[in-house]
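Some structures to go through are shown next.
Both complexes shown next keep subunit A, but they swap its partner, so subunit B is in the first and subunit C is in the second.
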Partner chain A sequence: MSDEYIVLKEISKRFAGGVVALDKVTIDIRMGEVLALLGENGAGKSTLIKILYGVYSADEGSIYINGRRVDVHSPTEAIKYGIVMVSQHPQLIDTLSVVENLALGLRNFNAFTSIRKISSFILEKSREFGVKVDPWEKVWRLTYTQKQLVEILRAMLLKARVILLDEALTYLPLEEKKKFYKFIKEFTAKGGSTVVITHKIPEALDVADRIAVLRRGRLVGIVEGTSARIEDVRRMMFGESAAEITYEKLPASQPGGRVVIETQDLWVTGDFGEDAVRGVDLRVREGEVVGIAGIVGNGQRELTQALMGLRKASRGRILIDGRNVTNRGIHEVREVGVGYIPDSPLALGISIDNSMAENIAALYQRKSALINWSEVYKVASSLIETYRIVIPGADSLIKVLSGGNIMKAVVSKEINYCKKALIAHNPTRALDEVSAAMVRRSIKEKAINNGVAVLLVSEDLDEIYQVSDSIHVMNSGKLYGPFPPDEAERSKVEHLMVI
Partner chain B sequence: MRFIVVRRTKPHQYIKPLIIVLSLLTGMILVAILLVLIGAHPVTTLVTIAYSFITPQVVKDMLLLTMLGCALLISFKGAVWNVGAEGQLYVAIIPIVWITLYAVPWSASSPPHQQVLVILASITVAALFGAAWGAIAGALRAYVGIDEVPVTLIMNYVAYYLVNLLILGPFRGRYVYGYIRTDDLPDAYKLSINIVMQRTGNAFLDGFLEFIRAIVYYAYWVLAAILVALLTWVVFNYTSIGLRIKILGSNPEFLKAVGVDARKTILTALALSGSLVGIASAIYYLGDLTRLTYPIQSQTASYGYLAILVAWLSMLELPLIPLSAYVVSSLRNAGRNMQIFGLGGLESTLILLGSILLTYSTLRFLTEYEVRVVK
Partner chain C sequence: MSLEQYVANSIIELAPVFATFYLVALGHSLFEKAGLLDLAIDGVFFMGSSIAVRAAVASGSPIVGTVVAAIVTMLLGVALAFLMTYLPISHGAIGLSMMFLGYGIGIIVGYPARLEVGSIAMYAYSEGWAIAIMAISIAIGATVHIILKYTKLGAAIRACGENPHAASSLGVNVLLTRLIAGAVGFAIMGAGSSFFTLAWQKFWDPKSYTLGYGWLAFTVALTSGRHPIVLMPISLVFGGLIFYRVRIGVMYGVEKDVANLVPFIAALAAMLICYATKLKKVLAPPASLGKVYYKEERTV
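== the complex of A and B ==
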C-alpha cells in the first residue's frame, strides 16, 4: 500500500442552528486502498466527503493532495484532482439516454463529435471496466442498480483516482452490492482509491483496508480492516448505546382474530406494463407482524403501493379492516388509520423543503381546515425525543438533516400515526444499527401494545426474522408462505428468494 | 487573492430584501451610464428615477399590485403558475357593472344601506367570478393535464374579448357622448375619499400633502391591501389548504402519499388565487376605473402582468410583496417621468426595467450561495 494521497486536516463545519457537523477531523486517504467511513446517523460522514468533493466548504481546516495544500470549492475542481463522488441518489437526467448523460461530463470530445462516436467509446470503456450497460437505453427505464452502474462508469470515464461512495450502495440488493465491491477491489488493485460511507459494519469489515469511525462530528479512531472486531467498531461508533443493538428475535405477538390487511387474488401492473404482482393472497391480523422477504424488484414495491391505494390493482380485491378499498385511492386507506413507510422515502415519505412540523401537520391534520400547531409541535417534540432525531428544532427544514435523520423523521411520523395497520417497506434502510434496532422495537411494540397489523417488507433477512410473526417470500410477483419464523429454515427462505 | 462562490449552509437573514435594494441601485447606475450615450447627464437620470419613488402616483399602483401579488403568491407557492391575473381582473368586473348599473342602480330614492350592500355584494361576486375564471385553468391542469401557463395566458385574451363583447352590446352606456364604453359607476358606489388641499407654495410641503391626499383617497385600498395580505398570511400559516399548496410546490408525490387529493389542491390554488384577484378587481373598479372602455386591451394598465413581476421579485415571500409592489410601481412611474423629462422614449424605460431585472436575476444566486475572498 502506498503513502497517503489525500489528507483532510483539522476539518471543522457547523450548520444552521449551531449543529456541529465536524470538529477538527483529520483523516488521510491512501492510494490503492478502500477506506470505510463509519458512524451513526448524523456523525458527519457525508459532510466530510462533501467537503472533499467541493459541495461544502470547511469552516476551518485544510485539504492536502500529494502533499500540496489545495482549495476544492466545487465538484469541477475535485474532478480535476481525480476525485469523483457517487451519491445515494443517481444524478442522471431521466429523459436522456445513457450516452447522452455521460457525454455531458466528458472533456475529450468537442461539440461536433457525433453521438455514435461517443457511444462507441462508452461501450468500449464499459467493457474494459466490466460494467454492462446499453448506451442507448433511456435512463428512466434503468433500474436503480443500473443507474448506479452508470454513475460508476461516469467516474471511470472522468479518470477518477479516488471514488467517494456516499452511501451509494445503501439501496442496492445484497447480490448487486457484492458485485460492486468486487469491482471496487479491482479498481483499488490497479492503484485507485475508494472511500465507502456506510453504516453496516460487517460490510465495512468485508471490503475495507482501513476503517475510520466518526462520532458526533469527531474522529474516534482508525483501525485496520483485517484486524478490527465488530464489537470494537460498534463501541467506537455508538459508545454505550452499542448495548442496545440486538438481532435477537423480538417477543412474539399474540395476534387477534380480526384480519386487518387482506388481499384476494391481487394483480398489479408494473411501470413497464408487466404483471408485477401476480395473484397474491395475503392476510395480516390485528397485532401481527407479517414479513415479506425478497430481492428488490420482485413486485414488493407494487404490492405495497397497491395496498396503500397509490397504484391501481388490475384484478382482485384489497380489504383494510374489512373495508373494500380496492382502487379507491390512498385517501380511503389513510382514513382507516394506516401508516406507510415507503420504499422511496424522499419521494413519498417526506417533503424535504418543508419543516418537520409541516410534514407532520400534512398527515395528522389532513382533515382539519385549520391547523392546530400546538398539537403538531407536541407530536414533533415527542418524536424528536423518542427517536433521537438530530434536528435544530421542529420548525427546521428537513433538508438540513442527514440522510439517517431524514429516515428517522419518516419512520417515526408513520409509526406514531398508524392506528389499525402499518405498511413498512425497508423501514431501517439508511439507519445505523442503534436506530434500526430502535425502529424494529417500535414496530413490534405497536403490534403488541396497540394491536396494529404490520406488513413488513424488507430485503434484510435478519430484520424479517427478528420482527415477524410469520414470513412470506416474494419472487417474480408471487407470494410464497406463510412460514412460521421458528420453523422456516433460512436456507430455504433464501432459496425461495432466488429461484 | 481570488473570489470563490460557495453554497450557503444557513440562510442570511436579510439577504432577500438586500438583493432587491441592491438590484435597484445597480440598475439605476447602469441606466444612468447608458443614457450618457444619448447625452443625458447621469445626475439628472438618477434624480428623475429617485424622484419617481417618492411621488404620490406610486400609492395606487403599489396598493393594487400588493393585492395582486398576494393573489399570485397563493398559486405560485404551489408551483401552479397563474399568469392569468389580467383576465381574472377584467372578468371579475363584469358582475360589478351589471349589479351597479343594471340590477341595483343608485337613484335619489335609494335607501342609504343600499350603498353598503351593493359594494359588499360587488366585492363578493367579483371574488366568485375571479375564482371561477381561475378554476377553469385549474380544472384543466388537474383533471386533463393541460399546462396552466398557456391556458391562463390565453384566457386573458378570452377575458378581453368577452368584456369587449359586453361593452359593444348589453353594457354599452347611454350617457357616453358617442364613446364606446359603459356608463360611469354611480358616485354612491365609489370607493374613494376625495379631499381638497390648498397648495402652500412650498414644493416639499406640497409634495408631502399630495402624498397624504393620495393615501386618504385610497384609504379603502389600504384597508383592502392589508386584509388581502393578512388573509394570505392566515392561509399559509394556519390552514390546511395553505400547507397543502406549499407541499404541492415542493413534493406533490408526498402530498398524495398522505392521502390528500393533489388535483383538488391544484384546483383550489388557482381558484383561491383568482378569488383574491377578484377582490382586487372590485377595489380597482369601484375606487379608480369606474367604467370600461372599448377596446379594453388598449385601455388596460397591465396590472395583471405586472403582478407576475411583483411575485417573482418577492422570491415568493409574503413580507416582501409590498416592497416588490413598491419597487415595480415606482419603476413604472420612473419610466413615465423619464419620458416626460426627455430622457429617451419608451426604450429608456425598458432599459431601466431590463437593467434592474437583469441585476436581480444575477444577484438572486446570493440567496443560495455566498461569495468569499480566499488567498
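== the complex of A and C ==
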C-alpha cells in the first residue's frame, strides 16, 4: 500500500534478566493518520517507539521508511528521517534556556552558530506556529504544560513528519489538551502522522484513525478507530481482567471522630517566592477520604509537600494525629505512620537506581541499625504479587521497569506503609485502567478497614468522585468546600476549579 | 627598585604560574562541563610537563615542547572521553588508572631527557615570553567562554553534562560532543602543564619536584565553579599564594610548613564562601558529572 509511510517489521527486543519486551511486532504507520498504541503497563509500547526513535536498537526486525530499509541508531538519525518523540517526562535540559534546548537538534545550523542567531529563527517559526514562549527563559522555570509545548514546537522546528507521543498529552489540563489535539488534527490533515500512547481509552477512541494493541510484547491486533467498541479494545488489552475496570462510586466509609490530618491557616511559599498556599484550613478524620480537586498548579503540590515536611510553611500549623509537625521535616511525619504518593514520583517517591527491596528497606526500616532483609523481601514479594508489578524480581533496579510499573512500585509501598494517614497526589498517573481501578480500591479499603485518613489530591475529577467521602476544590492557593460527593453538585465543583 | 619596576617584575614572575594553573584548570573544567569526571588530572599534569621537556630538549624549542605536550594529552583526553561515554564503567576508576598511567609515562619519557642535558633551563621559555604566555592563556580562556556560553556547540557540551539522555533525545550526538570536549580540554591542560616545567620552574629535580600540582589546579577549578572567567582571578590569587608562600612566610614570621598551608586554607575559604552564598547556584557542578551513561540505560 502506498500510504504506508513507516513499517516496523517483526521487531523483537529482549532486555537483561530475560525480559522479552517485544516479540516479532509488525506495525505500519500511515501518512496523515493518528495511530493509537495501547496496552497494559509493561506491554512494550514505550520500547517500540523508542526503537523507532533510535533510543534502543532492536535485536531483530527491520524498519522501512517509504519502502526503503533504514537503520535508526540514534535520535539524531531518527530526526533526520523526520521522526520526533515526545514523552510524558519532558526531555529538556533544565539549566538551559528554551532556545538552547531547541537549537540542539537543528541541523541547518553548524556547531559554532551563535545562539542569538538561532533564536531569531526560532522566534520567527514559533510565531508561524502560533506558540508563545519566552525563548530566553530557563526551562526549569516553565510549567509542565509549557515544557510540553516546547517539545511540540521542537518537533515542528525539526520538520517532523511523524510525531511519537508517549503519554505526552495525557497529563495536561483539559483545556490545554484540547488545544494540543486540535493541533495534531491540523498536522495530520497536512499529511503528518502521529502515534499516540495513552491509558485514557475513550480519548484514544476519540482521536485515533486506527488502534494497535500490544499485550506482553506481542501485537494483539489493529482495529479501525471509527468502528472500534471500547469493550472490545479493553478486552484486547487486558483479556479477562478487563472486567475489573470500574468507575462506579466506591462504598462510603464511616469516618471516626478523631481528626488525623489538620492544617490551621496554612501558608506555603512556592518555588518563585509566591504564596502558593494561602490560608488553608483542612481536616481529615480517621477512616475518611477527603478529595482535593483542582487544575494543576493551584498550590496542590506545595500543600502536600508542606504536609509531608518537605517544604516550609511560612505561616500556620500542621497537626498529624494530634502532633504538631509544622516545619519539623519529613522524618517526624513519617514516624507517625504517614504514606506519601508524590506528584513527581521519580524525584520524591522512589530511587530508580536502587532495587525494589532496597527502596522498601529505606522506608520500612528507617530506624533500625541493621536491616532485616528477610522481612523486606517478604514485603517486596507480597507487593509485587498483589499489585501485579511486572518486574524480574525484588532485586531488579527500579529503572528497568516500565513507566506504569515504576508508579505501581511507589504506590504499593506507600499504601502498604501507611498506618495513620495517606497523602496521595495523582496516585493513578501512568497506570493502565485495570491497575488504576485496583489502586483506587486499595486506597478506599485502607480507609475503611484500617481507619487510615486519606487526603487524595487529583487532577482527575472522576477519580476524586469515585473515591472521596467529601470534596474540596483548590484554586489559586485557596481551599473551597467541603462538598458532598454526589453528582448533583458536580457542576458547582467544576465551576470553582476554573474561576 | 621603583614601584613600577616592582610590579612589572612581579607580573613577569607570576605570568607562567598563572598560565599553568589557569590553563590546566580551564581544560579540566571544559572536560567536566561535558559530564566527564576528571580524576586523571594530576597524572595528566605530570605527563604533560615531562613530555614537554622531552620534546623541547629533542627539538631545541620550548614551543615544540608545548605543542607536543598538548597533542599527546589531547589523545589521552579523547581516549578517556570515549571510554567514559561508551562503556558502562565508573569514571572514577578509569580516571584514577589514567592518573597512574600518566605518572608512569611522565617518568619514562621525560626524565631521561633531563638527565641527558643536566639542566633544562636553556630549553625553557625566556623571560621575554612571560607576557605573551599570559596573554595567550587569557585569549584561550575567553574563546572557551564564548563558545560555551554563546554557541550551539557550547549548549551541546553543557547539555551532555546536565543530562546526556535528554541531550541525546534532543538530537545531540553525545559521544561526538564529549570527544570534542575531551580533545580540546585535555589539549589545553597539556599546554598548561608544559608551562610548569618550561616557563615557571625551568628546572627539574625529583627531590624537590613533587607530584600533586595537578590537584591544586583541580581545587582552582572547583573553587571557580568551572567558569572560564571566574577561573582567571582565582588562578592568579592561588598561583600568587603558591609562588610567594615562602616570602609571605618570612615577611610575617610564620613557619615554612605553616606558610605552605596558606594556599589550601585560602581555597577552603573560597569554597565556603561559594557554597554558603547565592554563588552556589551559578557555580553548581553539572548534574550528571561522573554518572555512567550508555545507550540502553533507561531514559525515563
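FYI, the second predicted complex is superposed on the first by the 488 of 499 C-alpha atoms of A that agree within 3 Å, B and C clash if a C-alpha of one lies under 4 Å from a C-alpha of the other, contacts with A are read in each partner's own complex, and residues count from 1 in each chain.
Please note the rule applied: a contact is a pair of C-beta atoms (placed from the backbone, for glycine too) under 8 Å apart; a residue touches a chain by one contact, two chains touch by 3 or more.
Just so it is clear, the structure is predicted and the values come from calculations on it, not from any experiment.
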Quick one: on subunit A, after the overlay, do subunit B and subunit C clash, or do they fit? Just give me the call. clash
First (subunit B), second (subunit C), both or neither: which does A:S368 touch? first
Pick one for A:V55: touches subunit B only (first), subunit C only (second), both, or neither. both
Would you sort A:L96 into first (subunit B), second (subunit C), both or neither based on which partner it touches? second
Could you tell me if A:I330 is touching subunit B, subunit C, both of them or neither one (first, second, both, neither)? first
Using the superposition on chain A described above, determine whether A:L104 touches subunit B (first), subunit C (second), both, or neither. second
For A:I352, select first, second, both or neither according to whether it touches subunit B, subunit C, the two together, or no partner. both
So in the superposed three-chain picture, is A:L158 touching just subunit B, just subunit C, both, or none of them (first/second/both/neither)? second
Re subunit C stretches 55-63, 91-99 or 181-189: the one overlapping subunit B is 91-99
Could you tell me which stretches of subunit A are touched by subunit B in one complex and by subunit C in the other? 15, 55-57, 352
For the complex, which residues does subunit A have touching subunit C? 15, 50, 53, 55-57, 74-76, 79, 85, 89, 91-96, 100-101, 103-107, 109-116, 118, 154, 158, 346, 352, 399-400, 403, 406
Would you tell me which residues of subunit B are touching subunit A in their complex? 4-7, 9-11, 238-241, 243-244, 246-247, 249-251, 253-261, 372, 374
In the complex, subunit A touches subunit B at residues 13-17, 55-57, 71, 73, 308, 310, 329-331, 333-335, 340, 342, 347-354, 358-359, 361-363, 365-371, 373
Within their complex, state which residues of subunit C touch subunit A. 147, 150-153, 155-156, 158-159, 162-163, 165-173, 287, 295-300
